[in-house]
Amino acid sequence: MKKAFTAVTALLLTAACGGGGGSADGGGVTLTYALWDDVQQGAYQQCADAFHKANPDITIKISQSAWDQYWQNLTTQMVSGGAPDVITMQASNYPQFVANGQLLDIQPMVTADKVDLSQYWPGLAGLWVKDGKRYGLPKDWDTIAIVYNVDMAKKAGVDMSGLTWNPADGGTFEKAIARLTVDANGRRGDEPGFDKTKVAVHGIVPELNDGSQGQNGWGDLAVSNGFSFIDKNPFGTRYFYDSPKLAETADWFRSLADKGYATPYDKTSSLGPDTMLNAGKGALGITGSWMIRTYLDSKSQKFAFAPLPTGPQGRKSAFNGLADVIYAGTEHKDAAWKWVKFLGSTACQDIVADNAVVFPAITSSADRALKAHKAAGRDVQLFVDEAKAPGGTFLLPVSDHGDEINQIVSTAMEEVWLGRKDARTALTAANQKVNALFSGG
Amino acid sequence: MNAAVSVSEPMSVGRRRLRRLPAWICLIVAIVISLFPLYWMLRTAITPGPELPSDNAGLLPRHPTLINFERVLGLVSRDEARAAGGSGANLSFFLYLRNSVLYTGLITCLQTIFCAMAGYAFARLRFRGRDALFNVFVAALMVPPIFTLLPNFALVKQLGWLNTYQGLVAPSLLMTPFAVFFLRQFFLGIPRDVEQAAFIDGAGPWTVFWRVVLPMTKGPLFTLALTTAVWTWNDYLWPLLVAPGEDTRVLTAALGVFLKQSPNTSPDWTGLMAGSALSVVPVLLLVVFFGRRLVDSIQFSGMKG
Amino acid sequence: MTTTTLAKPATVTGAVPGRRRGDGRVALAFLAPVLIGFAAFYVYPAVRGAWYSLTDWNLLSDPRFVGLGNYAELAGDPLFWNSLKVTAYYVVLTVGMQITIGLGLAALLHRLTRSLVLRSLLVVPWLVPNVTSALLWMWLLDANLGFLNHLLTSLGLDNQGFLTSPELAMPSVAAVNAWGATGYTTLLLYAGMLLVPPQIYEAAALDGTGEVRTFFRITLPLIRPILAFVLVVSLIDSFQLFDTVAVTTKGGPVDATRVVYYYIYEEAFTHFKMGYASALALSLVLILGLLTFVQMRLLRASRSDLA
């Protein structure tokens, strides 16, 4: 007994020590770069290789982790003082890291190296400035569009271009959704005798579980209805979730389930809209440009994109940007800045563009990405058109307390979707809680 | 252990069989419910990823494939994995497996041995403050682990042990109050004759413990070791918090990499199920090779209760 | 596990016979590793945890003393009270399922067969990590593509959002964990039943007592101690629900599954409110301590008629 235990323990200890050994740094510097999107990892690996060629003393190690774990990992790593040197950051997430002093102010370096901030899409660079300090250089942007099943639309005879929407009767958008809904007997949602209790294909698979911003649906339509999130963006201190414009929009989304055009919220698949659409259980959805490849490369169904419907205040797409930021605790500030500068330059963004995965933040590179998509036979012009349209986009709100706001608003929204409270009541209560966060300090 | 106890047979065999049919049916249903989910895991794991949305109802997939296992094991390139409906995320299944084995193995071996020593001391040795000390251990049993988990995390962080093996194993390597308690109760229950004989021969408590007591108590030690091993193998929260890094990630925490890769996409179910299936293999081996000991040792704790 | 065994009279009457009193030094050697472990990872953290609960601390800067502020906050925190309520609901559900089904299966096994294979098969789900079984059931229970809903629809019933509807989410989580634990419970209870002398059953059979009656009149009263043990083990275990919720529902829909462990975890590690989380944890310790005390009082009365 004793011998066996000692032997096993010794063996395990040896293995542990052997395995846990530190990684030797063959001279030079190794930077860790964190990102979440596995689709983009290949493109950024190419950037890293190009960068290493130009700076042989700096090696980039990409650390990818799934979106569901990314932020958790990051906070844990920051707590332990071992976060990646350079981090892919989402605009709505960065203020909390700034508040805790975890991100490096890169304004002095931007000034010293005279980085041209006008090369980026208008609006993107400004998101990353708080109190005169700059925390990131823009890397890409995204806009929102309708994705629909081409065959289903053809069968239904629905024209997806130029749809309109209003919260009262849903406009031609709701008509299209109704037409695309098919019950078990083959009757369409706009036909008499449609059985809403036995729906085979839902007209829309909405992404309702969408945080405090509703980027993939309710946020865009609410803004096109005249809603605005916050008094000042970035870093406003008063939210307007109690706006009737938002409540109307939420009620409209909820009504879709009552009419049988969408799955009731409590029976929504936990697998996400793209699985439902791929399974042929839904005809359209609202999604972002980072999903282009997921849909257009699908082998199960043929998908295409259409612009968002035009609301009472016009067509409004959320416009969101990612940036690369530097961890304040990095031991290699200069190397990290070099890498961030490279990531924010045409040298890297053109590589990303050629991979045609996302739209790079640099205007010329974005055009290049569009061309690459076209060359591959993917029609995604409308994402760029939406971004270019004057007044056609709005920036997602960026403020302090993003994490708490997210929890408050998404719980309130859930209550609306489940029919437990009407939108007005739930959102007014939520808005009070949200604004209390700012007055409380 | 008492498997030899015979069931009495007063009625005629045929009538009994018939009357017992509904009971047998219940039992078989229970077995099916226990095992079917695992079959479904396997069924999903051999379904091609892109076909899963349309092929998820039949008992067998239309085009069975092993690609999901291959990509979980890292046998195919990133592009092939993506084409198979998976993520391009890096996976080092064997690394995670090794980490899990280390984590479980180290804790199980050392904790069992140390707690056996302490259990023996509490049961047999006389020293001042013994009962008071033991009562403190018993009180610690009642404390929900989350209370010590938060400061332990802070401690491991201060020691700079996050994402290291020592940080991972530290809090449970030396003891858990439960193990000490369990083994003390056990040592109390075994007869003293043998030890006494050894003592008369002039052996000290140390020799008696290692040479006489331990070999005699393999059964309960195995029971405890097994329970500890299963708990540690299944542990999720602690490894997730202190060792999420690639090099020290254990299997349970690693299964998360199959989840949503980016907002709005769905999890890679086929890969997930293949990974889950592989993570269950060690467990199944345990059942195949140690079925009797396993069952006996669980029942052992039942009888000791 | 503790309470029942504690109730037994402790039979330590003397040290190893033939030895002088006092093994202080030897004992220290035997206890050293455990004492170090206990001091470093139980006592010290407990003291620190109590201190943190009086501070405002985000893990990154230094803790700031706030007195009883955290406790005042949690007293009025609806999410905390909700989490306790939800946890209690879960505990009742899952322990109820485990014990009723476990008892039934154990009785069946005991009266039907001594097959080792059957018992091994029943215990397999217990060996599957919670994370794995949570992921697996998330897929089986999916509202649209899950196997269980295929089964329901093929029987002509409506599909159900097992994990997405606020009414069904907690029962589903409880059922998932009952799936994992019932085999283990069954084995423990079965072991208890083996201890009942077979003559009692023979006598009952000669009297013509039916199986169901035998179960309620003979088996159940005689296995009370082991039943109490199983109850306590599964209660303690269930209170710690985290993995399944973290994987499947993340506390939703609308806080329906935000159990206390998950809530504490969120406060500590997603919201960086370490001080507040410590206060929550310490309050949980006190509440559970109180419950255990009451439980011990109640269980003391329930001894087996065999003893």
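Going in written order, the chains are labelled A, B and C, and every chain counts its residues from 1.
One rule holds in what follows: contacts are C-beta pairs under 8 Å (C-beta built on N, C-alpha and C of every residue); 3 or more make two chains touch, one makes a residue touch a chain.
Quick caveat, the model's predicted, so the values are computed rather than measured.
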Measuring between Cα centroids, which chain is at the maximum distance from chain C? A
More Cb-Cb contact pairs, comparing A-B against A-C, go to A-B
Would you mind pulling out the distance in Å between where the CA atoms of chain B average out and where those of chain C do? 16
Find the geometric centre of each of chain A and chain B from their Cα atoms only, then give the gap between the two centres in Å, rounded to an integer. 38
State, to the nearest whole Å, the distance from the C-alpha centre of chain A to the C-alpha centre of chain C. 39
Interface hub residues of chain A, defined as touching at least two other chains: 72, 76, 79, 271, 275-276, 279
Hey, what residues on chain B touch two or more of the other chains? 53, 56, 110, 157, 241, 269
Can you list the residues of chain C that touch 2 or more other chains? 59, 145, 269
Sites on chain C touched by chain B in the complex: 1-2, 4-6, 10-12, 14-19, 21-24, 26-31, 33-38, 40-42, 44-46, 48-49, 52, 59, 101, 104-105, 108-109, 111-114, 116-133, 135-137, 139-140, 145, 147, 150, 179, 183-184, 187-192, 194-195, 198, 201-202, 205-206, 211, 225-226, 228-230, 239-240, 242-243, 246, 261, 264-265, 268-269, 274, 277-278, 281-282, 284-285, 288-289, 292
Would you tell me which residues of chain B are touching chain A in their complex? 50-51, 53-54, 56, 78, 82, 87-90, 98-99, 102, 105-106, 109-110, 112-113, 157, 160, 162-165, 210, 214-215, 218, 221, 241, 244-248, 256-267, 269
List the residues on chain B that touch chain C in their complex, please. 1-3, 5-8, 10-11, 20, 23-24, 26-27, 30-31, 33-35, 37-38, 40-41, 44, 52-53, 56-57, 110, 114-115, 117-118, 120-121, 123-128, 130, 137-138, 140-152, 154-155, 157, 170-175, 177-178, 180-182, 185, 188, 192, 195-196, 199-200, 204-206, 209, 230, 233-234, 236-237, 241, 251-252, 255, 269, 272-273, 276, 279-280, 283-284, 286-287, 291-292, 294-295, 298-303, 305
Per the touch rule above, chain A residues touching chain B in the complex are 1-2, 5, 8-9, 12-13, 15-16, 19-20, 36-39, 41-42, 63-69, 72-73, 76-77, 79-82, 207, 216, 271-276, 278-280, 287-288, 290-291, 294, 298-300
Interfacial residue positions of chain A with respect to chain C in the complex: 72, 75-76, 78-79, 100-102, 197, 263-271, 275-276, 279, 281, 403-404, 411, 414-415, 418, 420
